[in-house]
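Listed below are the structures to be examined.
What follows is a pair of complexes built around subunit A, which joins subunit B in one and subunit C in the other.
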Partner chain A sequence: MRLLKYVARRLLVLPVQLLIVSLIVFVLVRQMPGDPTFLYTGPFATTDRVAEVRRQLGLDEPLHVQYVRYLDRIAHGDFGLSMRTSQPVVADIRQRLPGTMELILYSVVLSVAIGVPLGVYTAIRDKGILNRLVFLYGMTAGALPDFWFALIAIFLFFYTLDWLPGPMGRLDLMLAKPADITGLYTIDSLLTGNWAALASASAQLALPVLTLVFIYMSLVLKNTRSAMEDMLRSDFVLYARAAGLSRMMQWRYALRNAMPPVITVTGILTWFLLGGAVLVETVFAWGGLGQYAVQSVVNSDYAALQAVVLLSAVFTMAVFLVVDLAYFVIDPRIK
Partner chain B sequence: MAPLLDIGALGVDLATAGGSRRIVDDLSLRVGQRESVGIVGESGSGKTILIRAVLGLLDPPLAVAGGSIAFDGRELVGLDERRFREIRGRDIALTTPEPRKHLNPLLTVGRQIANVIRAHRDVAHAAAAEEAIGLLRAVGIPDPERRMAAYPHELSGGMCQRVIIAMALAHRTRLLLVDEPTAGLDVTISRQILDLMHQLAESHGTALVLVSRDLGVVAHYCRRVAVMYAGRIVEDASVAAFFERPVHPYSRQLLRAAVAARDGAARERRSSALLPPAETGCAFRLRCPVAVAECAATAPPLAPLAGAAGHAARCLRAAAIAAGEIAA
Partner chain C sequence: MADLTLDLPRRTATTDFVAFARGRPGFLFGLAVVALSVLLAVFGPLIGPYPTETALPGQPLQPPSWRHPMGTDVSNMDILSRVIAAPRIDLTIALVSTAIAFVVGVLLGVVSGFFGGGRGVPRLMSEGIMRGADIIQAFPVFIFALALVGFRGPGTENVVAALAFLNVPYFLRITRGAVLQVRERPFVEAQRCAGNSELRIAFVHVMPNALTPPLANLSPTIGFSILLTSGLSFVGAGVPVPTPEWGSMIAIGASNMMTGQWWTALFPGLVLGLTILGYALVGDGLKEYLDPVNKR
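Entry: the complex of A and B
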C-alpha cells in the first residue's frame, strides 16, 4: 500500500519532467551548427528552392510555434521522419533500440552477478590470491578504453583462436531474424524455439558483452567491496558478533546494509550504457541506438535526435525510479 | 568459591607503524559468581578494550599480548573464533552505549532478538519469535507484540537500550558486561535502565561488570570498584572502602571531581589534567600531587594495602596516604 502510493506519486511527476526535457532538447537541437534544409536540397539549390523547402519543413516559423506543433505531433505518436533514413523515426528506433537493450541487459545482469559476489568475497577476506587478482583487475579495468579492449577481444577470440564469430552485427548474415516479439534476438528465438538463431545471437553477443562486463563490472565490484567493508566495521555487525551470531549472519547483516550504494551504481551503469556503449557498438557493427544518435547529430537530423534524447530521458527516469523503489523496499527508514 | 571471571596480568597491544604500543598492561581482575564490579576511569583508559578482550572481539591492530582470561575455569585467551562464538551471547553478554547504532537498521527488533536466540539454540523461527515477545515484555517494553515489528529508528534511545538488554539476557547469561549504560540517555531514563539491568541480573543470578565514567552509578549498583588509568588498574576495592577512603591519588581526584559535579560547584581545573600518562615509572606521576623522585624510576605494582582486606592500589605512597601521613 505504502509502495503503491509511492509509485503513483513518482509517476505523476513523470509527464512534467518529460515536458521540460522536451523543451530543452527542442531548443538546444536548434542551436546546433548545421541546417537540415541542405540535406534535402543538396548544395547547389537556388535560394528560392531553399526557402521553399524551409517552408515545407516548417523551419521558417518562430521557434515557439514549431515547438507547439512538435508537441502536438508527438502527442499523436508522430515523431517525424528521419531526414537521413527517410523512415519514420519511430520505425528507426524500433529497429535499433532492442539491440542496445540486449547489450545492456546482459552486461548489467552479468556485472551484478559476478561483481557483487566478488566484491563481498574480497571485503570478507582481505588476503589471498583471488583478492590480489581482483585488485589488479580493478586497477586495469578502470584504465582501459572499452573500444580498445573490444578490438583486442576480437583479435584474440575471433582472428587468432576463431572461437567466436566476427564483429558483424547481432546475427549471422545467413540467418533470418527470429520472429519479432520483444526485439531481443536471444529472447525471441528462445520463445519461438529457433535454436539456430539463438546460438548465433548468443555467439554474436559474447564479445561485446564480455567487453562491457570486463570494463564496467569494476564499478559494481569496487562499490560492493567498499560498502561491505564499511558495514563489516559497523557497530551493529560488531554487536551481532558480540551476541554470538554466526559469521554467515554477520555477513548477511552487513550485505543487506551495503546494498543501497550497489543498487545506485547499478542504476548508473544501466543509464550510462544506453549511450556510453556507442564505441563498442561501432566496433561490433551493432546498429544500436548509440550509433543512431551519433549519426543523427552529425547529420542535423532534428526529428531523430529529439526522439532519441526524449527516449533516453524516459529510460533514465525509469531506471532511477526502479533504483528508488529498490531503496524503498530495502530500507524502512525511507518514507 | 572459584571466581567466575579471573583476569590475570592481561596485556593488550596496539600495532602501529612504529611498532606496538601496550595499551592494557598487567591487568588483573576477579569477578565472583553473582558479583557486581564497576570499572571506572576516564575515556581512553582502556575500559572498553578490556571488555572486548573478554569477549574475544579484538581485531588487528589490537591484540591480546599475554596474560590470561579464565571464565568459569576455562581459558579464553587464544580460543578460536568458533569456540568464542559459542560463549558470546550465551555465557557472556554485552550491552553497549548508543544502542541504536548497535542494532541492524534494516531488520525489525523482533527478528534481531529471535536471531540472537537462534544463534545458540536450535529452535524454529516461530518459537524464537514467541520467546522474543516474552523478552520484550520482561525488559518493560509495553505492547511487545506490536513492537516486535518495529525498526530501531522507530524506537527511542531508551527503548533501543531495552532491546539490547533483551538480547543480552536471551540466554541465561552468567556474566553481563555493561559498557557505558548511561551514555546518550537522559538521567531518568538511564536510572530506569540501570534499575532494570540490576534487577534482571539479580533474578537471573548474573554477575555484572559495569563500565562507567559515572562514579555515582558504580556506587549505587556495584559491590566492588576497579579504577583504571592508562590501561592499568590503579585501585581495586569494595565500594564501601573506596568511597570512604580512596587511596590512589587518581581515585581521589576522580572522586573529588564527581562530588563537585554533583554539588554543582565550580569544577576544579588543573592544567595537569591534560598531561598524557607518563611512559616510564608510574603513569600518573605527571598529574600526581604527591609524586616523588622514586615514582619516575619504578612502575609500582598493584599491591594489597596492609590491614585492609580486598583493597589494593598501584602507588608507591599508598601506605602513607592510607595512614593519613600525606594528603593526596
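Entry: the complex of A and C
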C-alpha cells in the first residue's frame, strides 16, 4: 500500500520535472546562433518568402506562445524533421534506440555480474595478489578515456589477433537484419532461431561491451567493496560473530545490508553508460542514439539534438525511479 | 645539574606535508604529474623538437624511431611534439572552467546551506538553488555537454562555458554539505551574539571554515574536465583540429588504429589517461591529508 502511494507520488512529480526539463531544452535551442528560418529557405530567398516561412514555423509569435506550441507538438509525439536524414526525428530515434539499449543492457548486466562478486571477495579477503590487482584496476580504469580504450581493443582483437570483427556497426553487412520484435538483435535472432545473425550480432557486441564494462565496472566494484567493508565492520556483524554464527552467515547478513548502495551505483552506472555510449558508439559506428547525438551536434541538426537531450533526461528520471523502487523492495526499513 | 633541553625536530606545515606524502607513492606520483602538466602547459609548445601544427616533409605515418619517439601521424606531424604541447589547451580549458565552477558553486553552496531550512525569501532562494542543481544533473553529463556545445557552436570558449556550467552543481552540493555542519558550531552563535549580520556570518565566518571539501575536490574535477574536453574534441565538438589536443589527436589516429598504425592514438591516450589518473590521485591524497581524522 505504502509502495503504491510512493509510486503515485513519484509519478506525480515526473510531469513537473519533465516540464522544467523541456523548458530548459527550449531555452537552449533559442540560444543557438543564427536564424533557423534560413535553414529552410536557403540564403537567397526573398524577404517575403522568409517572412512566410517564419510564420509557418511560428517564429513570429512571442516566446511563451512558441513554448506552448512546442509542448503541444511534443505531447503529440512530433519532434520535427531531422535536417540531416530528412526523416521525422521520432522515426530516426525509434530506429536507433534499440542499438543503444542493447549496448547498455549487456554492459550493466556484465558489470554487476562481475563487479559485485569481485567487490565482495576483495572486501572479505584483504590480502593476496587478486586483491592488489583489483585495487590497481579500480584506480586506473576510471581514469582511462573510453574512446581510447575502444581503439586499443580494436587494434588488439581485430587488427592484430583477428578474433573479433571490426568496428562496422551492429551486424555483419552481408547479413539481413533479424525480424524486428524487440529491436535488440541478439534477442530477436534468438527468438526467431536465426543463428547466423545471433553469432554476428554477439561478435559485434563483444568489443564495445568489453570497453564499457572495463571502464565503468570499477564504479560497481569499488562501491560494493566499500559498502561490504563498512558492513563487515559494523556492530551487528560483530554481534553475529560474538553470538557464534558461522563466517558464511556473517557474510550473508553483511551482503544483504550492503545491497542498497550497490543498487544506487547500478542506477548511476546505467545513467553514466548512456553518456559513455556516445563516444564508444562513435568509435564502433554503432548507429545508435549516441552516434545520432554526435552527428546532430556536428551537423547542427537542432530538432534531432533537442529530442535526444529530452529523451536522455527522461531516461535518467526513469532509471532513478527504478532505483528508488528497488530500494523499497529490498530494504524493509524504508517502509 | 644536567641540561634538560630536548632536541625535537621542528614541526611545521611543510615537514608535516612531507612526512605525509613520503609514505604514499600514489600521491607522490600524482603530484609529479600535476607539476609536469603545469610545466608543459607553460613551456610545452616551446620545447618540442618539431612544429606542432605543420606537416613535416617526407613519408607520413612513420613508426616510433629515434627521430620521432612517438612516430608521426597521417599528415606527418610529430606526435611527441604535439603530445607535450597539448596541456596548454587541455589544462587551460580544465583550469578555467573548474575555477569558474568552484567560485559560483561555493557561493551558491554557502547561500543554500546557510539559509536552508529557514523561512521567507532566503529559504526560497536556497530551495530554488537546489532544484536548479537537480535539473542540471538530470541530464547525462556527456550528452548535456555535447548539447551545450552543439547549441552554441564548437570552439574553446563554449567548451569552457559548458564544463563550468556542468560542474557548478557538484561544488554546490559539496559546499552545502560542509556549510550545514559548520553553521551548527558554537562560534557561529557567538558571532550572532556579537551582532554580526547573517550575511556577514555566512560569507566571512562560515564560508572559510567550509572550504576544505570543495578545495579537496578541485584536483579530480580538473582531471574530469580534461577527460570531457578530450571526449568533446574526439567527436569534433571541442577544440578545432590543427590545435594540439589529446582527444583530437586520438580522433586523427582512430582510423589508423584499424590498419595497424597503433602509435597514432596510443601515445596521446596514454598521456591523457596518466594525467587524469595523476589529478585523481592528488585529490585522493589531499582528501586524506585535509581530514583530521585520517591524518597520522
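Simple rule for what comes next: the second predicted complex is superposed on the first by the 307 of 335 C-alpha atoms of A that agree within 3 Å, B and C clash if a C-alpha of one lies under 4 Å from a C-alpha of the other, contacts with A are read in each partner's own complex, and residues count from 1 in each chain.
Just so it is clear, a contact is a pair of C-beta atoms (placed from the backbone, for glycine too) under 8 Å apart; a residue touches a chain by one contact, two chains touch by 3 or more.
None of the values given here were measured: they were computed from a predicted structure.
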item	value
Superposed partners subunit B and subunit C on subunit A - clash or fit	fit
Partner chain in contact with A:331 - subunit B first, subunit C second, else both or neither	first
Touching partner for A:276 - first (subunit B), second (subunit C), both, neither	second
Contacts of A:297 with subunit B and subunit C, given as first, second, both or neither	second
Touching partner for A:67 - first (subunit B), second (subunit C), both, neither	neither
Included angle at subunit A between vectors to subunit C and subunit B, based on C-alpha centres and rounded to the nearest 10 degrees	70
Touch count on subunit A, higher of subunit B and subunit C	C
Partner chain(s) touched by A:167 [first = subunit B, second = subunit C, both, neither]	second
Partner chain in contact with A:313 - subunit B first, subunit C second, else both or neither	second
Nearest Cα pair across subunit B and subunit C, whole Å	10
Subunit B-facing residues of subunit A, complex	234-236, 238-247, 249, 253, 256-257, 330-333
Subunit A partner contacts - residues on subunit C that touch it in the complex	26, 135, 138-144, 146-153, 223, 227, 230-231, 234-237, 247, 250, 253-254, 257-260, 262, 265-266, 268-269, 272-274, 276-277, 280-281
For the subunit A and subunit C complex, residues of the former touching the latter	17, 20-21, 24, 28-29, 31-33, 139-140, 142-145, 147-149, 151-152, 154-155, 158-160, 166-167, 271-272, 274-276, 278-279, 282-283, 290, 293-294, 296-298, 300, 302, 305, 308-309, 312-313, 315-317
Residue ranges of subunit B touching subunit A (in the complex, touch as defined)	55, 57, 81, 85-90, 93-94, 96, 98, 101-107, 115-116, 119-120, 151, 153, 164, 167-168
